[in-house]
Structures are given as C-alpha cells and as structure tokens.
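Structure incoming, see below.
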C-alpha cells in the first residue's frame, strides 16, 4: 500500500518535472524560461522530499533543501539579474521550429521509454516508473542546448539536463553517497557560475549572446 | 598516519600554491619559484607512491569511517594511479617551470597572471584528486572541476577567438561530463538493485569486487554513457570538436596540461570503468565499442590533419589521433593495454613538450597560422630542431618512445587477429604522417617574414625541453625497469 | 675478431656523427667526419667478408635496449653479410669523396653539421638493418635509415624543389613502412618477433595469410627498392640529395629492399607458390622497361641515373623472380642461378651506379648544373671524371667484359631456363620477360650513349661547362675505387659467384651443398651447357684491340694525323647550339614509344601585329607526365583531398553541431550496444 | 680435338672471316650493280678500298677526344673477338666455352656503343643524328635477337653456339619445325637492321639525312675508316654466317680433318653466297623505309620471334 | 617481284662495254682505270663541291654514275664526306657564300688529295664574272690541280680531267 502510494506519487511528480521540461521547449521568452526552470526545480525538490519520506532516507531532506536554495532561489535570481542587465527578451528563431521541436520532444520521451524499459524490468524499486521521465528530461535538456542559439538558453538547457540527472539519481538509487552529492552540487554551482561569466564575456566581446555567431574557429 | 601525510604531501602543494598566489600580491618572481618548488614536492610524493606500489607491493589506501558520507577508503593509489600521478606531476612541474612569470619580464599584467596561477594550481589539484580518488563519483567531481578551472584559463588574453573557444569547451565538456555522471548513476543504480544501498558502493575497489554480480543490461547502457562522457573529455571523435579550438586558443602551458595530463586522466577514467564492465560482462563488448571509436578517431584525425591551417590545431588533431590509438590499445587485450599505457606515457611527454616548443614559435611569429610561419629553421635554429624532433616523435618515428609503443600496439592488434583494422589504422597513420611532414616543411623553410627577429631568446627554457626530448629518446630505446614493472603490474590487475 | 670489427663499425659511425655535431666544419672537421665514416664502412665490409668467408654468423644481443620489442637482437648471417659488404663497397669511396664534395656546403651555416651527422647515422642504420635479428630491431633501423636519408635528401633545403622531393620520399617510404609493419606483424602473430621464431611461425600460417604477407612485403620493400609504380620518390629524391648520398641511396639503400624481400620471402616464408615468382618477375620486367624508358627522356643527369636505378632494380627482381619460380618448382640449382644473378646484379649495380652518381656529382661540382643540355666537352676538361664515368656507363649498359654484363647474362640464363617450366603462364611470361630484359639493356645502352656523349663529348654548351675544372683528388680517388671494382668484378665474377651461391645455402631449403656456377675460369649454368669464360674473353678482347695498332705498325700503315675542324658541310662556324642535343638524341625513341609517353605539346607562334606572315618567335614545349603520376598519384591525392574536405566540414565552428555529434554518438552507441554480443 | 688444333682452327676461322668479309660485301655490291643493269665494280673492290684507306692520312676534328681515336680499335677488336666465338666452318670450337650467343650480341653492342659515342664526339649534327638512330634501332632490335636466341635455346637447352649446332645437326627434324622458320624470319629482319641494309638503312647513300651507320662515320678517314668499315663488313659476314649455320648447319665439319674442313668451308661459302644473293635481290626490290616505319618492321620481327618461342613451348 | 626480274633480264647490261669500240673515250677511261689502280689501288673517292654552279656541271657529273657510264666499274665513286674523299670535284664560280665552305671542304679532306675544278665558271667565273656575289675562281680559294673546260664539260672530259689530276698524285 505504502509502496503503491510511493510509486504513484513519485511517478506523478516526476511526470510534472518532465512537463516543465517540455514547457521549456514551447516557450519563447527568456523570462518564461527562468520561471519554467524555477517551477521544475520546485517539483524536483518535492520529489526529493517524497523519496526521503517514503524511502526513509533523512539525508535526502538535506539535499532537497540544498537543491531548493540553489535551483529555486539562487540561480533563477542570478539569471533574472542577467536578463535585466543585457536587456534581451526573446530567443531568436531556433534551428528547429517550435512545432517540430515539440514533436521531437515526444519522440524523445518514447525513446527514453524504449531505452529504460529493459532496465525497469530488472529492478523492483517502487520509483522505477519515473525513470523514463528522468532519461527523457536529460534528452530534452540536450535537445535544448543543441537547438537554441542563445548562450543563455543553452545554460538553461544544461540546468534542465542536470535536473534530469538528479531525478535519475533520486529515483533510481534514492540518492548517491553524500560526499559525491555534495561534490556534484559544488561542481554544478561552479559550472553554472563559470558559464554565467562566459555569457557575460560573450556579451562583452561579441555584443550579443547569439552563439551561432561564434563560428570563427573552424577546420 | 603516514599514509595521510603522504596523500597530503601529494595533494596539498597545489592548493597551497594557489593560496599563496592569492595572498602574495606583487612579488611575481617569488610566486613563480614557490609554485615550482611546491610542484616538485608533489612530484616527489608521486614518486613515493610509485615506490610504495612497486617496492612495498601494497596499495596505499586511506579514508574516514564516517557513516553516511561515503568517505571510506576514499583515496587509493594502485599501479595505474601511480603511473598517472607520475604523468600529472611531471607535466605540472614542467608547466609551472615554463609558465610566464619565471625568467624574463614579460608583458603580462599581474591580475590575469595571478588568476592564471590560481586556476592552474586548482586544475592540478583536481587532476591529482581524480587520480587518487577511489570513489568513482569523486573522480567524476574532480574531472568536472578540471573543466571549470581550465575553462577559466583559456581566455587568458581575452580575444574573441579565445572566448569562443572557451564557450565551446565548457559547454561541450559540461554536457559530456554530465553524461558520464548518468553512466555513474546507472551503475550505482545497478549496484543498489543487487547489493542494496551502501556508502562505499561507488568505490572502485568495491565496484570491481561486486562486478560479477551486476546486471549486464544496465552496465552496457551505463558504459555507453561513460564512454561518451569521459570520451568527450578525452577528445575521442566525434566528441573531439572542442579540441582544436581549445588547444588553438589557450595559452601554451594550459594547452600542454590539457593535451597531456588532462587527457591522460580522462583516458584513465575510461580505463577504470572498462575494468569494471569487463569484470562484469567480459571484454568483448567494451573492446568493440572502443575499436569503433578508436578507428573513427584515427580517420577523423587523419583527414582533418591534411587540411588544417594552424599548427596548434594540428597538434589537436594529433591528439585526436593518439586518443584513437590509445582507445585501440585498450581494446586489444593485455598486450594492447600495455602498449596503450606506454603510449599514454609517451604521448603525455611528447605532446606537452610540443606545446611548449610551439609556444616559443607563437611568441616569436605572433600567429599560429602555418602560412605565417616561414623560415623557422633559420629564425630559431634550436627551437626548430626541437619542433622537428617533437613532430617526428608524434608521428611515430624512431628513436622516440611513440614508435615503440605504436609498434607494440600494432603487434597486439595483429596477434589478436584484427589485421584489417590494423591495416586501416596504419593507412590512416600514413596519411597523418604525410600531412604533418608537409606542414612541418612549410614552416621550417623559406624566408622569415619581415619583422620577425632572428635568433633564440629565453635559452634557459631549452634545458627542460631538451630533458623532455631526451627522456622520449630513452623511452624509445629502452624501458626503465620501474616503468616496466609498473606497467606489468597494471596490466595484471586491470586486464586479468 | 668479429666482435672487434662490429664494435669498430658502430663506434666509428657514432663518433663520426658526434664529431659532425660538435665540429664537422672546415677542412679538418670534414676530413675527420668522412674518415670516420670510411673507417666504419671498412670495418663493416671486413665484418661482412669474414662472415661470408667463414660461414660463421656473428650474433649480439642486448636485452636492455628496446625491451618492448624483445631486445636489441643482432645477427649477421651470410645473406646479411653480403649486403653489409655491399654497403661497405660503396660507402668507403663515397665517404672519401664526400670530404672533398662537402666543401660546397661550407658557406651555409649549420647544414654541414646535420649533413655529417646524418650521413654517419645513415650508414649506421643501414648496416644495422642487415644485422637486425628481430622484428622490432629491423623496423627501428629501417625507419632510422629512412629518416636519416630523408634529412640527407633535404640537405639543400633552401630550394623548394628539394623540399618537395623530400616530401615525396618520406611519404612513399612511410607508406612502405606501414606495409612492412603489417607484413612483419602478421608474420609475428603471437610469437616473440625474433627472426628464428618467425621462421617457425611462418610455416603455421594459412596459405592465404602467407600470400598476404608476401604481397605486403613486396609492396613494402618494393617501395624502398623503387619498383614501378612505387618508385615516384626516386627520380625526385636522388637529384636533390648531395651526389655521394645519391650514390649511397641508389647504390645501396634501395638494395636493402631486395634484402628484405629475400629475407621474408625466402628465409621466413621459405618460398611460396609459383605465382609469387611470376609476380616478382612481372614487377621486375615492368620496372626495368619503364625505368629505362623514362630515363631516356630525362636531361637532368642525376634524375636520369635515378630512373636507371628503377631499371636495375627491375633486372635484379627479374633474377629473383626467376629464382623464386624455380624454387617453387623444386629445381633448386636453377633457383640458385636466378637468385645469384639477382644478387650479383645487386653488387654490380651498387658499384656502377655509385660510380655514376659520384661522376655526376663531380660534373655538378664543376659546372653547377645537372642539366645535360648545358654540358658537353667535359672530356678534355675533366679527363679522369670522364674516364670513370665512361667505365660506369659501359658497365651499366652491360657491355662485356665489365661486371654489368655478367649479372645480366646470369639473369638471361635464368629466364631462358625458365622457358622449360611447363604451364601456359610461363610460356607467356618468360618469353616476354626475356624480350623485356633485352629491350632494357638495349635502351640502357642508348641512354648511356646519350648521357656520356652529350655530357662529356663535343663542345661545351655553356659557359659553366667551358670553364669546368677537374674535381679534387679525393673525389677522383672515390670514383677510381668504384671504377676499379666495376672492371674487376667482370672477369672476377668467377671468384665472387661461388661465394654468392654459398650465402644462399639454407635459405628456404636451398641445397646444403652449394650449387657451383663456376668451373675453372668459366661460369657454368646448372643443368645446361651454357657457359662463358669472362677472363678469357677479356683477355681475347684486350689482345684483339691491343694488337691492332701493333699489326698496323708492322704493316707500315700510314700513321699521319692532322687535326682540323669538324666537318659541318662547310659551315662558317660550328657553334655549340648546332650540336645534337639530348632531347634530339632521344626523339626517335620518344616517337617510337609515343603511346606510352603521351607527350603534351604546346606550340605558340608570335607574329608581327601588322602581318601574320612575319613570325617573331616560335615557342615549342613538350612535356611528358609519367602515367603513374597521372593515373595513380594524382587521383589518389585528389581522393584524399576530397575526403579531407568533407571531413573538415565536421569542424564547422558551430557549437550546436558539435553537440549534435555528441548526441548522435550517444544514440548510435546505445543502439549499437544492442547488437554487440558480449 | 687437341688443343693446338682447336686453337689453330680458331685463328684460322678468324683470319678466314676477316679475309672473306670485304669480298662478301663486294659480291653484294656487284650483284646489285648487275641487277641495276650496270657493270659495277668487281667483287674485290672493297679490298682495294681498304688498301687505299690504310695509305691515307687521318684528319681528326679538333673537338674530338680520345674516344674518337680509340673507337676504331674497339670496334674492330670486338668484331675480331666475335669471329673467334662463332663457329663458321666447324663445330664444336674451342671458344664455345668462352662465350655464347649472348656474348656475341653484347660484344657487337660494345662496338655499336663506342661507334655511337664517336659519332657524337665531333659535335656535328650528323654524327649525333647517326648515333641517335643507330642506338634506337639497336635497342629495339635487341628483344628480337634475345627471343630468337631463346627460340634456339629451347631446343638445345643452351645458348652455347656449339650446343645449338650439334642439336640441330643430330636432330634435323627439329630444324623443320614452324618455330624454326619463324625464328629465322625474325632474325633475318634483325640482321638487316643490325648490318645497316635496306630497307632499314641504305649502305650506298650519299644523303646525310637518310643515313644511319654512315652518318656516324662521316668524320672518319684513313686507317680509322678502314678499321671501322672492315669491322662492319665482318659483322655482316658474321651475321650471315649465324643465319646460315644456326638454321641450316649441315655441311659443317664436326671432325677436324683436312677434307671435312675443305668441304665445310665450301659449304659455308656457298651458303654465304646464297644469302648474299638474297640480300642483293631484296635490296633491289625494296625502297628504304622512313625512319619511323623501322620500329614497325622491328616489332613485326619481335612478334615473329615471340610466336616462334611460344609455339615451340606449346608444341614441346 | 617477277616483273621486276623480267625487266632486269630483258634490259641486260646497260653499261657501255669498253671492248666494243676502241674509241677515244674508251682509251681515256682505260687510262683512268689503270692509273687509279696504280696510284690508289683502283679506288678513287670523289667529293663533289658545288661552289655556286648553275647545276649544268652537276648534271654531267651525275651522268658519270648512271648505268651507261657506270664510273663505279673503275673504282670511282662519290662519297658523302670530304673525310672519305681523295679528290674534290669543284664546280661553279665560287660565290661569296661558298668561299668559306669550299676552303673548309679542302681543309677537311685528308692528304694526299686532289682538286679538279670543273667547268668554265670554275676557271673564269663565266658570265658571273664581276658580280658582287662572286669571290673569284676556284684557284683563288684552294689549290687546283686540273681545270676541266666546258660549259658544261662532257662526262668524257670529266674523266679526262680526273686522269690528268691523277698524274699529280704525290708519290709515296
């Protein structure tokens, strides 16, 4: 009974995390991206709490709190400040238009299902049904990085991918060892900051954050 | 207790050096010397580990028995780690010796220089950490950190090109390394599914012990993620695309670090994981994947080398080539592994050497376009000699070490009945060879462009470079017993 | 004794190299470097001769060096000793010659050091190739030889042409090495790589693998030997190198390709099916004929000689091919005949081609040009060089009683005996080979009439030729030594050939009791009554020629002689421009073989702007592009360029694409992993 | 056969060949004159020419070197050596062991080589032209010679002249094989080329542009000219003898007795006269070929020789 | 081939037989023959030099070699190079252009040698006398042994001239 509830809840929340990922593909405004990411991170925090509660793993609460501060409060704030500074609002036309992107997103979800299907049959964890969503989210993050032209959006895509990985970890293993988890967060933070620095530098040197213009180095 | 001291002797000097650089503001020469000396301490500690591994015949391990943190046996130095430690510390010492700051006054201002030293030392620390970490998760964390620190260093001169290169570098590598984390998580997930949750589950020693019971399906998937992830870091084609940009635009010492030490550690990570997967499901699967990527890398490198127009990018393609070769070696059983590790060692030495030489050329000519460098032989006779020697070493000519290791590698390939694969590889190597000789000749001869001074400067820098090429020759003609013992030990533990 | 000689060889060369790096300039430095090389070469020659005469192998093993490849293993058996001796034969004169020749490099800084060092190292590497006794040692020395010779080729690096030549050379060489690595490693398999193990392992290989090894070997060593179409580097590299280096490269280095082929095909693989022999024969025939045909069209003296190396390698291979063919049919004594013919031609070609290159170098030294059309009249200005060159030219044209004739005779005899081999392939291949060999020697004679006649005879065609002076003594000594060898090896064949048949003993199961090709003063073909007695013939010829003036004197014939201008049909003045040029000399043959040469023609006539009937100038250009350049190398380079262009688009500069590759690789491998069994 | 006798025979046949050579050429000239409805010079005219040349001075070009002076001796000496090697009236001879058919061919090539050099030595265009043409034709005639030799060698298993003759003598049936005829035809064409007869070269021409052999020796005079011409006449005799003896050896002495030798000499001279007549007739009939048609003729001879060899291989 | 042979047989020997009629010509010819035999071993090589003639003389000289006269039967023949010649047959007034050529031809001929100047022009320059293009008669250029008069001289005259020249052949 408990396991069933656990399973249902975790799958539901995982699905909502994925949903926000898909929303990211749909939206065009940069500000909306930040909002979407914020909501997604919130859902992820909830997922952590659910797993911590049902899985009897108090360590995950702490991680959840850390996650909340980092991804729901700190990073979005930094991103918003950046948007104010550089005064850009919209993503330029991506390499693949929104409609096709959404279709491809669907395909990726199916792909993730197909890929994780054999794995799910191997294990008995109650959270296993959420695994495809995690993998799909990773793919979507990758997809966003590949198809969006603004450095800013790529950073967001990367963050979404990170969310996917975190979701994979929490669903598949109820959290990896703490020391690793802490290291991952540190790296994430550092990585994000470095990327942010570079986005500023790109803005500074190229007077635009359109990465498709960074194509001088070839061959 | 001794072990802790030893580990801290290894890991703390770069951190200390970074701290010192941060604190000491004006006296740059002092910074240079202190960094060099501290890096020598690391080097000494690394040698100490080699002695421990070889002479004492045990595997130094250290960790904290604290619940929930996963710190059990977190540091572990077996033969493979010892080998990598030697690579990393040697190259880092060389890098710090040849970094700007030592020697003549140059035109770098203090602020970027300080930033440079801090990042460089942190990069070295991360590399050392990745090497000694028993926990594959920590290893991942350290490797991710290397991306971050090195990304700081690429736009040292803040040109458009360097910003572009660093963006590509950090984005591609972050994505790649994230995928490697997916692989790590998948394995852990496998482990947890089989053996239940454990704090030390991500310790390599534990993983490899548990490996026979792990589920092949998941491991197969995990290894793909790991291979792509760490392969991005190592620059296996087609994930190599950041290499030419990053190598081409980064300051010379960083190029040396990235192309040798960083690359070596990335390959080390792949090898660690390969060992785990092989123990679980046999080596055929990983071998096949590595062979595919290896030959693909060789092909991409070969044809890219033909058309390249910048000599630093040329070195990047050379790295892709050697990545491919080492991948092949990893996939060719015990003799292949031996050859690949020897090749890794040789390549580390040769490639970093090459970057320093190229740095001298770039300083003089002010461009890294092959077309702009003419008459090198007359302009800088010694440097051009070293450049020629280094390039010949890189394309696998005797009497340099790479000839030996490539030979051993191909021998392994032929003895394992992969003749066609080997023939294809040999053909691709021949193309690379011809392309490089062409570029080399283009640079060596002709008339020095106007405005380029003639004659050598900074001659003291030649001394370490000659030492470098000298060791390559020694490695070509003989194999010092410690290295032979170390390699044999690694081969017996990893490819048993 | 052998130990001492060996150490002396190594030490002399090493000291020579070291000395060249440290000093090596000035009269004394050059002499020292050259003398050390000569000492090394002499010691090597003596070592080789000792092994040949005693039949005892010399071995040395240093496990500490090259441990990865199984240690530095050296063993000099008679076959290797023969080639070591060949090295000595050319290297001694070349070193002495080089001392004087190198003076022209004094003015350029630095290159003389490199030249001296690389020269000594080149000789060392070549010597060690013949000594190598395991795969790794062999390949190491082989590569060392190629690399050092590459540096020697680009000695005159201030010329773009030289660099291009160097590129061609090292490229082809390296591709050859790739073939060799493949061949040797297939042979090695799981064995240790020691040559003794290879012999054992080779017998366990499947027939297909053996064939493959053989083909790879032929390609690999053939590229060094200069078989067509892998010869492209020869006519480019030889002219570019200093002349005495060309002498060594052409006289000796390419022969090591023959050594390798014999070593692998005969020694390791122990011979093979008949088609191996036929293939070698065909390759040899084609190389011989095409080599000489392209030589005929050359007016660059050294390039002409280089093409002749292709030709002579062809002749050597014809002998060896016939030998392999007989070997496959089990007629061992005839196999010895063919192989000895090839080997003897190897020695002979080393001596006369060495001589000719030294002669060409002497001419180059005196006139500063390699273009024959700017020479002429050197006979009177450089009498010694002319005499030596003439001897070389006569020897390479296979004129009796010089050495070239003897070996060609042997090869002919082998081919003629090959006519008795049953089977339609032999019935077609053998007569053609006979015809091609004959055509080759005829054309070679024509070519050397051109080379000698245009270069040395008649009037000087340029100011440089007019003011040419005889070369320094050391250069003449170098040439004189080789000329003497060319003369001696003719009648002296009866002494050398038994040794040659002895060095083949034990290779590929050739008879334990060596087949004797000589009987008294005559060379005797086994299982046939064909024979020649060169000493008698030489004596008869000498007597016949020498007695004529005596007899004429006895007959009190008119011996008055008056010198007058050449008869030019009453021309006011016979100028050098009226002389027959090299181009004109070769024109009939160019027309005869026009189908092969396919010369491009370009005729431009400038007329006066006022009237088209006033011709102001007529320019005629005709060029010959060898077909292998056109058919093989140009397309190959284009293909590589095409692929490279495609591949380079990968690096488009767009980070999105880069990430897409990453994603695709991930997807690809995930799907591939499904299909990979464990 | 004792040594003394055999060496005597050698010297004898050498002298005989040298003595008869001018006469043979005179005979051809005489026959040709008769066929042109002329009276012509008597067959012994060449002897008279020789005597005159030997009495005259030599004029030598100032451009020429010692090659020019040495060449007549080398050409003559090598031809003399060849006369020792070719069995003319008896077989086997002592020099069978010294040289075979290949030696004969290459010794003659030695002469040609130096003659061509001498042609270039004076620096005139004619000499160069002659040298160029001579070497061209010599080179492309070479394969046919070699193949004809092979054809002969297949039967006897040897290139040794004595051996070939003995084989044919003991097995006459072999001589009537198609390959024998083909080889004969091939060699006949080559002989025309090598000895400078029509249709390849015109020995009587005065027109420099059509010359081959003559163009090379335009510079020679006096005794040098005598030696060169004598050598080339001897070469002509030798080639005819080879044709005669190799394909129709009957009549040759196999024992050295006076009657057999006398008979053999008679037979030999008879065969030579027959061949000379054939050549005279041919030279009357045909016109000289354009120089660049010559290779075509020679390739025809090559094909004939090739067919000879392959057919003998296939039929064997 | 058969037709050719038939024709040869039908024509027979076209050369004038010397013993048919003891004419003046025949006597001369016999003398020539005897003299050449004595002096030159019956072999006389002639090099013809056209030093600017109107080619009338050449026509007659050519006639010497035709089947009718067939000078070859006496051992007289024409050669391609002065190096091979014993006698130079010079025709025409020596033009300026041929002056050097003639002198060189003479130089090129080995000793002993003879020069026979053929035709009136060779002696007097004939109608070309005084022309700006003329260098002078043959004897102004090279030593002449015999002049043969006539415009053009008949073959018999030529033979006679040669005969006279042979009288001057140096005794060895």
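Residue numbering begins at 1 within each chain, and the chains themselves are lettered A, B, C, D and E in the order written.
The working rule: a residue touches a chain if its C-beta (ideal position, glycine included) is under 8 Å from a C-beta of that chain, and two chains touch if they have at least 3 such contacts.
Computed from a predicted structure; not experimentally measured.
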Chains adjacent to subunit B and to subunit E under the stated definition are C
Touch-connected sets, subunit C omitted, are A, B | D, E
Hop count on the shortest chain-contact route linking subunit B and subunit C comes to 1
Chain centres computed over CA atoms; the one at greatest distance from subunit D is chain A
Greatest Cα-centre separation from subunit E belongs to chain A
Heading the list of chain pairs by contact pairs is C-D
Here the gap between subunit A and subunit B, centre to centre from mean Cα coordinates and rounded to Å, is 31
Here the gap between subunit C and subunit D, centre to centre from mean Cα coordinates and rounded to Å, is 35
Whole-Å distance, C-alpha centre of subunit A to that of subunit E, is 117
Per the C-alpha centroid definition, the whole-Å distance linking subunit A and subunit C comes out as 69
Each of the following residues of subunit B touches two or more other chains, namely 167-168, 171, 175, 179, 221, 244, 304, 307
Residues of subunit C that touch at least two other chains are 560, 562, 564-565, 567-569, 648, 651, 655, 659, 670
Subunit D residues touching 2+ other chains are 55-59, 208, 218-219, 222
Contact graph of the chains (line, ring, star, complete, other): other
Each pair of chains that touches is included here, namely A-B, A-C, B-C, C-D, C-E, D-E
In the complex, subunit E touches subunit C at residues 81-83, 98, 100-102, 104-105, 107-108, 110-111
Within their complex, subunit B touches subunit A through residues 68-71, 74, 135, 137-138, 140-141, 144-145, 147-148, 151-152, 155, 158-161, 163-168, 170-171, 174-175, 178-179, 181-182, 184-186, 188-189, 192-193, 197, 199-202, 215, 217-218, 221, 244-245, 248-249, 304, 307-309, 313
Interface with subunit C, subunit A side, in the complex: residues 95, 115, 142-143, 145-147, 149, 211-212, 214-219
Within the complex, subunit C is touched by subunit D residues 54-67, 73-74, 76-78, 80-81, 84, 95, 97-100, 102-103, 106-107, 109-110, 112-113, 116-117, 119-129, 131-133, 135-136, 138-147, 149-150, 153-154, 157-160, 163, 208, 218-219, 222-223, 227, 291-292, 295, 302, 305-306, 309-310, 313-314
Per the touch rule, the subunit E residues reaching subunit D in their complex are 1, 4, 8, 11-15, 17, 37, 40-43, 45, 67, 70, 72-75, 77-81, 83-84, 86, 108-112, 172
